[in-house]
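Pasting the structures in now, so scroll down.
What follows is a pair of complexes built around chain A, which joins chain B in one and chain C in the other.
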Partner chain A sequence: MTTYLPPLDDMRFVLAELAGLDQIAALPGFEEATPDLVDSILTEAGHIAEQALAPLNAPGDRQGSKLVDGVVTTPEGWQDALNTLTEGGWNGVAFPAEFGGMGLPNLVNAPIQEMWHSANMAFALCPMLTQGAVNALLTYGTDAQKALYLPRLVTGEWTGTMNLTEPQAGSDLAALRSMATPDGDAYRIKGQKIFITYGDHELTSNIIHLVLARTPDAPPGIKGISLFIVPKFLTNDAGEIGARNDVHCVSLEHKLGIHGSPTAVLSFGDHEGAVGYLIGGLHRGVECMFTMMNHARLSVGMQGLSIAERAYQQARGYARERIQGKPAGWTADGKTGIVNHPDVRRMLMTMKSKIEAMRALVYVSWAAIDGAHSNPDAEQQAKAALMADLLTPITKGWCTETGVELASLGVQIHGGMGYIEETGAAQHFRDARITTIYEGTTAIQGNDLMFRKLLRDKGAAVEGLLADMDQVARQATTLGGPQLGLIGAGLATAVAQTRQAVKWLLDAAAPNAALAAAAAVPFLRLMGTLVGGYQLARAALVSQAKLAAGTDTPDFYTAKLTTAQFYAASILPEVAALTQSIVISSDLVMALDEPLL
Partner chain B sequence: MTTYLPPLDDMRFVLAELAGLDQIAALPGFEEATPDLVDSILTEAGHIAEQALAPLNAPGDRQGSKLVDGVVTTPEGWQDALNTLTEGGWNGVAFPAEFGGMGLPNLVNAPIQEMWHSANMAFALCPMLTQGAVNALLTYGTDAQKALYLPRLVTGEWTGTMNLTEPQAGSDLAALRSMATPDGDAYRIKGQKIFITYGDHELTSNIIHLVLARTPDAPPGIKGISLFIVPKFLTNDAGEIGARNDVHCVSLEHKLGIHGSPTAVLSFGDHEGAVGYLIGGLHRGVECMFTMMNHARLSVGMQGLSIAERAYQQARGYARERIQGKPAGWTADGKTGIVNHPDVRRMLMTMKSKIEAMRALVYVSWAAIDGAHSNPDAEQQAKAALMADLLTPITKGWCTETGVELASLGVQIHGGMGYIEETGAAQHFRDARITTIYEGTTAIQGNDLMFRKLLRDKGAAVEGLLADMDQVARQATTLGGPQLGLIGAGLATAVAQTRQAVKWLLDAAAPNAALAAAAAVPFLRLMGTLVGGYQLARAALVSQAKLAAGTDTPDFYTAKLTTAQFYAASILPEVAALTQSIVISSDLVMALDEPLL
Partner chain C sequence: MKVLVAVKRVVDYNVKVRVKSDKSGVELANVKMSMNPFDEIAVEEAVRLKEAGKVSEIVVVSMGVAGCQETIRTALAMGGDRGVLVQTDADLQPLAVAKCLKALVDKESPDLVIVGKQAIDDDSNQTGQMLAALLGWPQGTFASKVELGDGVVNVTREIDGGLETVALKGKAVVTTDLRLNTPRYASLPNIMKAKKKPIETVSPADLGVDPAPRLKTLSVEEPAVRQAGVKVGSVAELVEKLKNEAKVI
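Coming up: the complex of A and B.
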């Protein structure tokens, strides 16, 4: 099994050249984000990921989290790992200094979170969920709630969870049944929640659950849902731990992957009712939850990137070490690793080029979030918000689908050894498989993209992005040369095809919700493939310029150009197929009578 | 968890209308294969698959096979299941009556094997490997070897294995080191073999290993390899069990899936050397092994179909039962299953259409094998052999890659429940993942297709198949109507694009082995996608004719037309993208210096 080596060079490149760290660091409040500080933070985070988190990944998978006599235990080493993050202040990178955070942009947090998830996704879910809870409290908490919970969640002294799903209501929040009955200043919560990530554990002295429930007289559907803070242990205002609240872990799920992460069924109010505190105002629960969810969706999109990077490193290491046969066209003397077999190389290049496309897309998305939150210029702020809204479902949907695909290629590169659990490739394949499901399935991301991001503004935001791509394609074509020429032509063709798909969607699908929904996921895949190619084309332009100007690291830029070219030639053609499929197959999706399936 | 329902209607349709059961049954030696007999055999096999094998699938996965104190135990129920097959003569469906078989065509055996693998792939591997050993013995065994081993293997009283892989030699047979030293009439075998499916177990009184090894003075490389029969227990000529042979199970692998199937590390000759008997002549081992392997490859291609069918039934059942939300465009009153959500339906239609394409391709391939073995007309025989050779790597490579893809869609349709092991969808995803690896990875199938099936005859066999497709496309276009029109046009376009890819491969890749190998898997995917569409177009023509002539089962043919149309509109456009990718990206696959990966 290979270890994990943080890809710091590519991270720095994407931060500086594609995601605009300079501009983000210049926004008010981010004065701390100097290049030196960012650099030293990334280096230190890399050490932690490599040395403290990555070695626990495979043992944690084998051991799993367990529920015994009502107590959830996490794998060996989890406690030390969480302590390391807490002591270093790593949970608070992107949170305000007044609550103990570092006050840095989300963009700087992005590579750090990428490393945690690459190193050990089952572990990294714990701080990820806590960050979601912090975001909800920052936006909707009262001053008292902020004062009580935020310092402890930002440091990581306590952890947080999101409690949405109930057995009868998966993606359909309107069907929630958990009840919150007023009881003085608080509420008493009763109900059962499932799929609660890190819903119980002994790693911290308290767990703060954020729970969606209905009040007795609430309107039906999603308009009657409110959000409640339900601590595992009640506390006084100073945060001192008091009585156990009436929320209990009933069972842990037996899952395909992320075995180290305890996925709990939580029962609220088996006895007197769990004490909960309203947050964000009555019946505003869904709005509050979406605040957490948009961050969480980008984080899960990043998991797709992270697990693909880890699978890539594992496969590349194996392909270099494994000597077998003589590659087609191989003329050098002696034996060589399977890395020189053309099909193995094709798989590695597919992984590498898609990973670099995903990294750029993910970081650019986080930069848009920072701009949306912090740009003092109203027009710039609105533009960033629009971009963040558009990119979030694409990033979540495409990076997770791609993560599953690449983790599967990682297994394939290993041949028979990939199927043996001890090798490690299979774990990435199992772990990756959840990412297209939780925080909204790919279909939900597709519908978000289709209905709220494309059709609602009649394609304006998408056309804005396509116009940016036109410019990059023109630049690449104008600069020319065999590499940029192919990249520019490939991008221009893909953009033109996408406009066909968009036109058809605006004409034919806009008035027909079933048709739009049938085309939603193919359109999401199209947009992800396209935006990935666009980001790599931007990277190629920068690289060409660096090489022309002279650089100390020509290898990095040469590799970037070749990788971008491979993507344009090998991956971007899928845009044509997806356009075709959207236009001619969408009205066939529901054509077969359901009983004939 | 849903049960397994044998898809007998589609099986009968493919046998009769696409794979030409009539013509195959008319070949000499297959007189038994009357329509009535075939029909009653399929019905009975369906009962066994549904009632005896399918219920053991999930428990067998949880329990797994175990090695304790040198003894391998298989999951509960395995023994009864194997006894059922043995008592019914099911292991010998396609083997000669003189050795206890039913003497039926491979084509009739195809749906039976499909059912075994759908019902319980981990179990069905046991009879599958035995059939491989029977084929080798039928072709290469001496009369004495046939008389001793065949009756017992054909009935299933004993089982067989294939022993190729060694730790240092996965796909590279030239690197084999196991030694066979002459010892009287026999040989003494020493060496270690890995990944031996059903390499040890207590289900039968003996296991017949077919083992590749070198003799002391053999030439290096694959030309020095011979094949040996190494029984677990030595016997006299009457087959009575005698002393334990010196072959022992050292360990069982801990695998991602097919937990019920014991994958053994076998050690030959730890003591006095395992007694082995030469089969097929000195240094002809690789040739013998390929006889087993071609059958095994089609069988594994079928596993892709089988696991996809099971995953489909599981997902369709869940999608009908699971009530959630209101589908886009849904106007009916009341709640409905997620089967009516357009994206869920899109996934189900993708599964259904690809499964029907795979079933046709697999059965047509087996029919070609029958023709190649049994057609008395030399020209017809040669034509069938050419088709079998061409289709084998496509069937193995494309059906297994598609099986993995569809098993993953099956998980996705379940949402969060898909990730929970108890649901059952995850097992299919794990089980499917081995199929693109064993019996030659997808890359090996791609190279076989590229070098031996496309380039060697300068594209003649492929062009023959494309010409057949032209005809079908023309027929569909001529008959017209919205459904056949789209199907005909889609197929014609895809064939034209494929000719572009083929022309480029013959021109540019033929003289450049590395380029050809880089294009091999994309070309295999292209050919699989195309041949699948071709088979469904044939099915659509038949269905249109049946509907026009009047039929008792119009629903079946209506569904078939719609399914074929969906495939033509949604899946066939990938041929264009693959052509593009082959032509413009193949020379970029090796463009990046290996250290820069």
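Coming up: the complex of A and C.
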């Protein structure tokens, strides 16, 4: 099993050259995010990821979280790891200083979170969920709610959860049944919630649940849902812990992966009813939840990147050490690792190129979020918001699907040993598998992209992005050099094919919701593949310029160029096939009568 | 009480070190550099003494190329107060480092100097001892425990036979061993604060030291590749091989 080494060089490159750290640092309030400070922060975050979190990953998987006599225990070391983050102020990187945060951009938080999740995804979910709760409270909390909960959640002294799912209400929130009955200034909540990540544990003195429920006279469907703050322990206004609230962990799920993360079934109101406080106004629960969820979706998209990076490091290390057979075309004397077998190399190149494409996409998405929140120029702000909206489903859907695919390649590179738990490759695959499901399945992301981001504005936002890609493709082709030329041509072709798919979707699928829904996930894959290629083409342009100007690190830029070329030549052509699939086969999806399935 | 801590920028312990093709040294271009782990322990010890109220100021010194600033910043983020960088591109050897430190001690007048017992790049294990000799101060090397008393520093040392405790009178040099403490992770607020802490840059010439190497490196080689072992059939065969082949008994 390899140790995790934070890929700081690529992180720095993406931050500086692709995600525009300097532009984000120029926004009001972000002046402190200078390159050298960010560098110091990433270096230390890297130490924590590598030394404090990563070593707990495999033991945490074996040990898992357990519920014994009503008490949830997390794996050994979890407490120390959480204390390290809390005491170090790492939970509040991107939160306002007035609540104890550091006031840094989300873009700076991105590589830190990437490292936490690469090092130990089952653990990192805990701070991630807390950050989600902070976002909801920041946006919708009253001043009193903010004053009580935010300082403790920002530091991580308490953790937060999101309670949406019920047995009969998964992707369809309209089917929610949990009830919130008014009781003085508060409400009494009754109902059962499932799949609650870090829904119960002993790591902190309190847990703040954010719970979706209906009020008695609420309209049916999603318009009748409200959001409530339900603390595990009731407190006074000063935050001192009081009586146990009527919310209890009934069981923990037995899952395929992320065994260290306690996934709780929570029962609210078995006795007198759990005390809950309305947040964000009556019947506005789904709106509140979506604010929280857009952040959470990008974070889960990032998990796809994180787990792929960890699986890649593991597979690369194994491929270098494992000696087996003589590679085709191998002429050197002596034995060599399977890393020199062309097909193993193909898998590693696929992993490397897609990981670098994902990293760029994820960081660019966070930069768009920062622009959308903090750009004082209304036009720029609107542009960033549009980009963030468009990229969120692509990042969540494509990076998680790709994460699963690459973690699977990681197993494949190990051969039979990959199927054996002791190498660690299997854990990454098992852990990755949840990411395409929670925070909105890939289908939900596909529908979001198709209906809200493509069809609603008749393709305007997508065309805006395609026009940016045209420019990069043109630059690459004109600047020339054999590698850039091929990368530019590959991108130009893919953009042209995407326009065909978009035209067909706007013409033929827009009037036919079933057809559009059938094409949604293929279109999501297409857009992910394309945006990845676009980001790597941008990276190639920068790399060529750096090499031409002379650099201390020519190896990095040479590798970047070849990696981008591999992606353009080997991965990007999938856009053509997906276009074909969308245009020709979308009506075939529902062609078979259901009984014949 | 004022403490001076010296930190060295070395190839990160995770990096697989490669010998340069001309065998003049090891490859340093594009290699991840970090603070020498023994020096991290030195910084941590100074910070703990300060947190315990026994030390008022921690001055962090590093020597070498401009990149050593980062190493000093790391120490400042852990809790150091200010930094001094002795900047030079020269190949610094322990004697030159000790002389520079001596000049800085004369200037800064610390009561205690804490350095790592050795650096993980050249493993010299000389700087602390040379500095103590140049200063005429007592030294407590390979410290696994440091206690400040009244005008005395009690240092528990890790020696071959076990532990030895020495009492150093007056000002002293301490070199740290692995078991002295576990260095902390710098907190995010302290990393941000460290950016504003002052670092003064001087040259060896400013300190009146000629950093020219006194030792000449003839050639740097990779260690020999380990040979496969042999399975023996019996105790008698083992003894025979130890006697006649390995010639160790």
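Basically, the second predicted complex is superposed on the first by the 597 of 597 C-alpha atoms of A that agree within 3 Å, B and C clash if a C-alpha of one lies under 4 Å from a C-alpha of the other, contacts with A are read in each partner's own complex, and residues count from 1 in each chain.
In this text, a contact is a pair of C-beta atoms (placed from the backbone, for glycine too) under 8 Å apart; a residue touches a chain by one contact, two chains touch by 3 or more.
Computed from a prediction, not measured in an experiment: that's the story for all the values here.
J.: Classify the contacts of A:555 with the two partner chains as first (chain B alone), second (chain C alone), both, or neither.
T.: both
J.: Could you look at A:90 and tell me whether it touches chain B, chain C, both or neither (first, second, both, neither)?
T.: A:90 sits against chain C, while chain B stays out of touch.
J.: Pick one for A:67: touches chain B only (first), chain C only (second), both, or neither.
T.: In the superposed model, A:67 contacts neither chain B nor chain C.
J.: Looking at A:40, would you say it contacts chain B, chain C, both, or neither? Reply first, second, both or neither.
T.: second
J.: Thinking of the overlay built on chain A, is A:592 touched by chain B (first), by chain C (second), by both, or by neither?
T.: first
J.: Who does A:138 touch here: chain B (first), chain C (second), both, or neither?
T.: Touch partners of A:138: none, neither chain B nor chain C.
J.: Touching A:486, do we find chain B (first), chain C (second), both, or neither?
T.: In the superposition, A:486 contacts chain B only.
J.: So, A:58: does it touch chain B (first), chain C (second), both, or neither?
T.: In the superposition, A:58 contacts neither chain B nor chain C.
J.: May I ask you to name which of chain B and chain C touches more residues of chain A?
T.: B
J.: On chain A, what residues does chain B touch that chain C touches as well?
T.: 555
J.: Quick check: in the complex, which residue numbers of chain B touch chain A?
T.: 165, 169-172, 174-175, 194-195, 253-257, 316, 320, 324-325, 327-330, 339-346, 348-349, 352, 404, 408, 411-412, 415-422, 426, 429-430, 433-434, 436-438, 441-443, 446-447, 486, 512-518, 520-522, 555, 558-559, 562-563, 565-566, 569-571, 573-574, 576-578, 580-581, 584-585, 588-594, 596-597
J.: Could you pull out which chain A residues touch chain C in their complex?
T.: Where chain A meets chain C, its residues are 3, 5, 8, 32, 34, 36-37, 39-41, 43-44, 47-48, 50, 52, 84, 87-90, 92-93, 102, 552-553, 555-556.
J.: Which residues of chain C touch chain A in the complex?
T.: 14, 29-30, 32, 70, 73-74, 77, 185-189, 191-192, 194-195
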